[in-house]
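There's a structure below that I have some questions on.
Labels A, B and C are assigned to the chains in the order they are written; within every chain, residues are numbered from 1.
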Amino acid sequence: MKTSLLALAAVATTLAGPALADKLDDIIAAGTLRCAVVLDFPPMGSRDANNNPQGFDVDYCNDLAKSLGVTAEVVETTFPERIPALMSGSVDVAVASTSDTLERAKTVGFSIPYYAFENAVVSREGLDMANWEGMKGKTVGATAGTYEAIWLEGKVKEWGAGEFRPYQNQADVFLALSQGQLDATVSTVEVAEANVKSGNFKGIKIVDKAPMVPDYVALITLREEYGLINYMNLFINQQVRTGRYAELYKKWVGEGEPANLTIQGVYR
Amino acid sequence: MFDTALNANDLIFLAKGAGMTLVVTAISVFFGTVLGIVFGVFRYQVGPWWAAPLTFVLDVFRSIPLLIQLVLANAFVTTVLGIRISGFTVACGVLSLYTAAYCAEIVRGGIESVPLTLRRAARSLGLSWRQDMTNIVMPLATRVALPSWIGLALGVMKDSALVYIVQVVELLKSTQILITRLQEPLFLLMVCGAFYFLISFPIARFGGYLEKRWSHD
Amino acid sequence: MFNYNFRWNQALNSLPQMLEGALVTIEIALLSMLIGIAVAILLTVFRLSGNRILSAIATTWVEIARNTPALFQIYMVHFGLGGFGIHLSPFLSLLIGIAFNNAGYLAENFRGALKAIPDTQARAARSLGMSAGKAFRHVVMPQMLRISFLPMTNQMVWAILMTSLGAVVAMNTDLYGVTSELNARTFRTFELFAIAAVIFYVITKAITLSARVLAARLFRY
């Protein structure tokens, strides 16, 4: 064990040699862009009938790769695993609807927002729940480590009643909800609508909007990769400017205005 | 009840996952067994005092949940040391050491089961240590150790269900992916469980048969 | 040498929470062992009963527990039973999942232990006028449990290690659950899981050592 550690350390020091190309260079040199995408999160990420990745985030990753002149490689991660996957270097960036929280910014580097979600409260049919406050005292759940999970767990603590359950992925949350193990969950409006419409989960309904600040999501990479972050910021700007953002919205989410990515009254 | 949307593509997808489970298991059991034999013989040969550091390290692998070993090893190698290796490599590395830790115990137990008098007799007949080990100890110890070793190999196959945590898509993970799309959790989980069972059950029975047969003559 | 900045402070601040989680882990493991031993004795009786249905139930239980991953078993307890409208909390799902696994492995150990107890003993007990049940309870079972003491200790360690699988059923109060939730919030993966690993090591060592002390006291004759 000891010798293997030393050997590893030796390898590490040789690898961290003098030429310090940054991640942007590495990606272009390698010819592939490895994106972490969450694939149980339709319409942002899911799998088609051949089990190939599809969705808004998948297309966004492909666009980013195309602009860099490299090929995209989609690596599936769950929500709790996406940042560890990034930190461990198994992916270059995460195009995984990652909310730009300050806690996360201590560890990873965020681009400007590329999408914004509103969150909905989803409940079971036959359960008397008029609005989001009806969740008080109930058994609620969400996907571990997500923006809405952190909000919901905070609410349950604030109410001092009910129970919060963090499942490992979005599918398990809706499965638990349709089985009646959960009374309600909070998820993005897009995901909630897609799941209600698909009919895969029987007996679920959207109750109310969750009173949260709009959930701005951004692309992430390692914190110190300013070159890449800078590139991604411009890329997102170009996606909106060229109309590709609206096009992808129409393709995956539906008719209507895509969310406004600017915030009134403050610089980025 | 078994009216399912599962199509041929999905079966191939599941089969790929099953293949990954078997590949990870085969690699880990192979390297784990080789290492385990080396560690086990070493521990027996140098005595408890000098083998203490090795005993401690192997003990750690048996005292910490495999899930945590995988997460830690992955974080250490890739994040702390900054080495780019695949989740598959990490999974095989950790599982090999994990297997070796248990295998070393089995090997030691096997060697200890060979009566010392028999070995002394062999040595006094002029056999060298190497001849004694290969011609006397190995055949006898194998009889004692093989049933436990089969149990270990099957245990590793079942434990390989945890390597999803380092982004390796094996059988259980591919099942979950299909569940996400098809929303038939019960049916798909039954298929997945049946697969593990069909591999594990006959081999376990065979191990039991060997144990019974060899303990009676 | 490392490009990585360790933040042990941040992780160590969570130590009280993690120790609380460790208590839940120990609680689940202990309860699952008690249930597991009770069920395993029952399964052993089923197998000895000579009743075909009962022994088929016992065999099925043992083979499923021993031939499928524990992760699968725990997931099935939560979502499998959930499909039939039986809703168990994460705590109960994990507890029952581990107890199911324990019972299967222990029943197999008991079967091995029974072989070491000569038939003549049970027959002697019967000829002294004991009923079959009494002979099993007073003569065979105590010896069976004594012979199985070491495997039971091992199973207890396994039960501790298996609690780490609770995350799949949304368990977030045990040591692994607390650690992974902290990790999802702060992403200090290495520091947090290293601390968890040390706690797990201490718990399992404490169990094996106290089992050794207990064995020395119980079986010193």
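The definition used in the following text is that a residue touches a chain if its C-beta (ideal position, glycine included) is under 8 Å from a C-beta of that chain, and two chains touch if they have at least 3 such contacts.
According to UniProt, the chain labels map to these proteins: A = Transporter substrate-binding domain-containing protein; B, C = ABC transporter permease subunit.
Only a predicted model underlies this, so the values are computations on that prediction, with no experimental measurement involved.
Participant: Tell me which has more C-beta contacts between its two chains, B-C or A-C.
Facilitator: Comparing B-C with A-C, the pair joined by more C-beta contacts is B-C.
Participant: Find the chain most remote from subunit C, comparing centres computed as mean CA coordinates.
Facilitator: Max centre-to-centre separation from subunit C belongs to A.
Participant: Cα centroid separation between subunit A and subunit C, in whole Å?
Facilitator: The computed centroid separation for subunit A versus subunit C comes out at 36 Å.
Participant: Approximately how many whole Å separate the CA-defined centres of subunit B and subunit C?
Facilitator: Centre separation, subunit B to subunit C: 20 Å.
Participant: What are the residues of subunit A that contact at least two other chains?
Facilitator: 9, 12, 16, 84, 87, 175
Participant: Out of subunit C, which residues touch more than one other chain, so two or more?
Facilitator: In subunit C, residues 3, 79, 83, 189 touch at least two other chains, as defined above.
Participant: On subunit B, where are the residues touching two or more other chains?
Facilitator: Expected reply: 71, 75, 79, 81-82, 185.
Participant: For the complex, give me every residue of subunit A touching subunit C.
Facilitator: Residue list for subunit A touching subunit C: 9, 12-13, 16, 79-80, 83-84, 87, 103-104, 106-108, 141, 144-145, 150, 163-168, 172, 175-176, 179-181.
Participant: Looking at the complex, which residues from subunit C come into contact with subunit A?
Facilitator: Listed in rising order, the residues of subunit C that touch subunit A are 1, 3, 78-79, 82-83, 85, 87, 89-90, 167-168, 170, 172, 180-181, 183-189.
Participant: Across the complex, what residues on subunit A touch subunit B?
Facilitator: Its residues touching subunit B are 1-2, 8-9, 11-12, 15-16, 39-40, 46-47, 49-51, 75-77, 81, 84-85, 87-90, 169-171, 175, 200-201.
Participant: Along subunit C, where are the residues that touch subunit B in the complex?
Facilitator: Residues 2-4, 63-64, 66-72, 75-76, 79-80, 83, 157, 161-165, 176, 189-190, 193-194, 196-197, 200-201, 204-205 of subunit C touch subunit B in their complex.
Participant: Which stretch or stretches of subunit B touch subunit C in the complex?
Facilitator: My answer: residues 60, 62-69, 71-72, 75-76, 79-82, 154, 158-159, 161-162, 172, 185-186, 189, 192-193, 196-197, 200-201, 204.
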